[in-house]
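First chain A sits with chain B, and in the next complex the same chain sits with chain C.
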Partner chain A sequence: MTLRTHLYHALLWLVALLFFAPVAWIVLSSFKTATQILSVPPVLLFRPTLANYERVLSNPHILWGFLNSLLLSCSAVVIAVAVSFLAAFSFSRFKPRGTAFLMFLLLSIRMLPGSAAILPIYLMYVGLGWKDSYAGVILFYAMFSIPFSVWILKGFIDGVSVRFDETGLVNGAGWFRVIARLIFPQVMPGVIAALIFNFIFVWNEFLFNYIIGGPRTANIPVALATGLYSGGGVDWTFVSVVTTLYIIPPILVVFLFQRFLLVGMTFGTVRGEV
Partner chain B sequence: MSGIVVRGVSKSFKGRRVLDDISFIVPPDSLCVLCGPPHAGKSVLLRLLVGLETPDAGALLLDGLPLERIEPGDRPIGYVPQSFALFPHLSVFDNIAYPLRMQRAAPGEITRRVDEAATLLRITRLLAKLPSQLSGGEKQRVAIARGMLKRARAFVLDDPLVGLDFKLREALMDELKDLRAVLGATFLYATSDSLEALAMADRLLVLDAGRLVADGDADAVYHAPPHLRAAELIGFPRCNVLPGRREGGACVTSLGTLPVPESGAGDALSVAVRPEQIMLLPPGMQPVRGLGGVARVGLIENLGAESVVYLDVPGLRLVAVPANDAIAGLEVGQEVSFAIPSAELAMFDTATGRPAAGGASR
Partner chain C sequence: MSEIVLRGVGRAFGATQAVQPTDFTFPDGSVTCLLGPSGCGKTTLMRMIAGLDTPTGGRILFDGRDVTGKPARDRDVAMVFQYPVMYRTLSVAENVELALRDDRRLSAAGRRARVDEVLEVMQLQDRRAAGIDALDVGTRQRVAVARAVARDCAVILFDEPTTNVEVHAKTQLIRAFKQFRARLRQTIIYVTHDQTEAMTLADRIALMRDGAITQCDAPHALYDRPESAFGGWFLGNPGMNFLEPRPQGGVARFDGFPSPFRLPDGDPEGLQLGIRPERILVGPAGALPVPAQVLRRAITVGGQYLLLLRAGSATLRARTPPRAPFAPGDTVSIECPISHAAFFRHGQRLVAQPRMTEDVHA
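Up next, the complex of A and B:
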């Protein structure tokens, strides 16, 4: 390796560490005492303690918040991706009149900042009596995840030749089989990408959970915000422990699914198309 | 009526007519080749038969069974698409087995028939691989094997050999003919290559710009083309077309005059001259009757077994495949006398493309 590549790699490491620093700080803080966390200069060598974890995990609100976060993210994401996949397939294959406009409409809700959409949605949820109900919150997250998923998945399905559909149909497969057994496996990378993307979105969502949720359906970001102040100041041990635990599921999701994000498997299996 | 019957079929896409009143019959247990230039409507016709398109008018029957109301998957017709469309997530075995699986065949039958097809197409060693690991020719064979495994009475193949190298094409042409004989099924085979068409066909259909311009025994289509376009499209090197006009009972061309019987045909005529009908004459000899003249040799292409000679005459370049002894010592730029015996020449009405006269009846 030349000096140039060494320097280049050093630079990459530096940038990566820079991005990782806040995460490292919060994770390390979770094993410190409150005074160690706030000491200047920061304490790098210390005796780790699990006392913070014991205190936070004995708080039923936090455990409840974790369960809520998991339930809301997983169910919303599964519903959203299932609906989006079918919608994307129809847009891609049957091209209903006005497909381009419909696709635009679908995305337009995401063009508003959440704070602009929150009031009408709040009023609607109160009117329907859905506030602080699991079904209501899950449906909202699913609805909010669908537009982007449809866009991602339509791109992937467009990339799968209709010749596969035709070969399936001619050989006796019905549409359901074509969709589930021939097309779905080929757009796996797109499905996984949509799953991860939406999971992270719902997992980190605060505003809507705060407004249309309630004590029953509060997720961790809401629990974190409401539990932030205690004893007249920011409870840093609480923040660091909850945050450390909270970043584990997204890391696991990305780690477990990244191997499915292979592309290029389908290269050259239809003549004249890639 | 058994076999494939196509009766008065038309199809338009967005106001553009791609098939115009097509009627023909593919006799049972035969191999019929549908030949035509790209975009002539071959693929559309095959897609109509397998059910991927619906005709605007006309009827499609297989062994007397009207096909229109039958779903594509239930039609007893196997299909080898022009694209391979091998499922990338399934192994070669599973790809080939696909039609049988869809028809809920017993596992034993699936294994047996996949092995049979794989042996016939010499791809047994590929069965465990994924399509992405195959070469173009191998993918082609897998696609053919899969197309053949549907329990069907007829098979349509859409230009399955296009883009393959010459040796592979020759081998696969033979294999396909054998396969048809083994299956004892009716084949409708589309190709844009007229040599492939002549080599494979029991019966030859020529499609040009959505119209059927020839339908008959391959030999007859070649020697007595029923349409000017059929003469032009079938045969390699390409047929020469000599413009002429009717004057009394004769057709006058720049290379001489031919007798032409009175008929309803118009005054503008075209004479089809096959390259092998042009004879080079020894130096000093002049053609006695029929067409002929003196030309300058423009180019000589040596193909090994034969040579293609391009002859330049005023306003025209003729393609000839003279006998090998006739071209010994022939050089580019040299002047040479040639004759075209008139007895076997086919003449067409230029406006309609319909025969005006001639053509050897064999």
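Up next, the complex of A and C:
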């Protein structure tokens, strides 16, 4: 290797470490005692302790928050992607009257900042008695995830030639089979991409969970905010433990599906004629 | 094995009528080619028969059963497209077998036997384990035909299957087509814009133009007796020569013919005479009745020459045998046999043919 590539690598490492530093700090902090966390200069060598984890995980609110986060994210995302896939298929294949307008309308849901819709949504949820119900919160997140998913998936389905549909249809397959066996496997990267992006969105969501959720459906961000202050100040050990646990699922998801994500990003550039 | 009847079937896209309301019958077990230039509605017509498109009017009957609103899978049809679409991760045999999986009438052994049989007919036995990516487009197209044939449907539709296939593979495909044809008697509709292909494969050719079937007949009949000037022009390479009349009282004179013609109704309006290039006889100057000048000469298939001739004020194309000793600039003589001339009025063949007068100097 030349000096040039060495320098290049060194620079990359530097940037990576710079960005990783806050994450490293919070992860290391979760194994420190409260005094070690805030000591100046920071303690780099210390005897790690699991006491923080024991204390935080023995708190039923936090455990419940984790389960809620998983339940809300997974179910909302699965519902959203299932609905979006079928919607995108219809938009792509049957092109109903006003497809362009409907697609725009869908996107416009996301143009409004969430906080602008908070009051009407709150009133609606209270009026209908949906506040702090799992179905209510899940459907809200699904609704919020659908526009983006439809857009992604429509792009992918448009990329699959209608010839596949037609070949299937005239060779004895019904629509269900065409969708499930011919189209779905080919747009898998798009489906995975939609799943991941929406999962991360719902996983991170705080505002609506705080407003239309409640003690029963509180997710991790809300539990984190509620438990932030204790004993007259920020409970840093609590924050570091919850945050560390909180970033694991998204990292796992991206790590497991990165193969599909990469395919998703290059999709459309490497495909030949059918 | 099914007779297909169209009753007033038409298709409009907005204000454009892609297929005019059509009444037509595809007889049971026949091969009918839909032949016509691009955009004449032949593919649209076929897609409606396949169930991929819905007619905006009329009914489609398979053996008397109305299938107009039925989806493709309930019609007992198979179709081969311009582009072969298959599972790239599966082998040739698996691709063919896939469409048979849902067929409850077949046992696993029966399925394998069917696949073997079809692969043999399509001469694909030695490629049965090959992956799709390893095949060229022509071979893939043969796999697509095999897949369509294997399902043993009453009707098989071909939508310009050879358009994207190179010449050699095209011959193979046509040979394979004839072979499976010799064994199975399905009703076949074959869309093409290639007249040679239509002439080779069809029992009957339905000539289409502007969304309507203008004539349907056996290939040679269609070639020899086109009902319309369009048929004369479209079939043959090059198509018919068309001559305009020069009216003289009750008779009309055509360049290339020594005597004028007596018109049945005395009306030369919109009249045209058509004659095929290979029917025109060419000889040395003075040997035949009408003098002509050679303008251009082109060599065609089999060493034949295609001559561009001027006779009077008309230009004619004539096909001559190999080694015909005529060069551009030569003066030759020609004869257009009246038995091979066709008369059209406003593009339609005249029922009563004009007769040539005896008087050469009239």
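In the analysis below, the second predicted complex is superposed on the first by the 261 of 274 C-alpha atoms of A that agree within 3 Å, B and C clash if a C-alpha of one lies under 4 Å from a C-alpha of the other, contacts with A are read in each partner's own complex, and residues count from 1 in each chain.
Rule of thumb we're sticking to: contacts are C-beta pairs under 8 Å (C-beta built on N, C-alpha and C of every residue); 3 or more make two chains touch, one makes a residue touch a chain.
Because the structure is a prediction, the values reported are computed rather than measured.
In the superposition on chain A, A:A82 contacts neither chain B nor chain C.
By the touch criterion defined above, A:Q186 lies against chain B but remains apart from chain C after alignment on the C-alpha atoms of chain A. In the superposed pair of complexes, A:V170 makes contact with chain B and with chain C alike.
The wider contact with chain A, measured as residues touched, comes from B rather than the other of chain B and chain C. Shared interface residues of chain A, touching chain B in one complex and chain C in the other, are 161, 163-164, 166-167, 169-174, 273.
In the complex of the two chains, the chain B residues touching chain A come out as 50-52, 72-75, 77, 79, 81-89, 98-99, 102-103, 131-132, 139, 146, 150, 163. Per the touch definition, chain C reaches chain A in the complex via residues 50-52, 71-73, 77-79, 81, 83, 85-86, 99, 102-103, 144, 147-148, 151, 157. Interface residues of chain A, counted against chain C in their complex, comprise 161, 163-164, 166-167, 169-175, 273-274.
By the touch criterion given at the top, residues 161, 163-164, 166-174, 177, 182, 185-186, 265-273 of chain A touch chain B in their complex.
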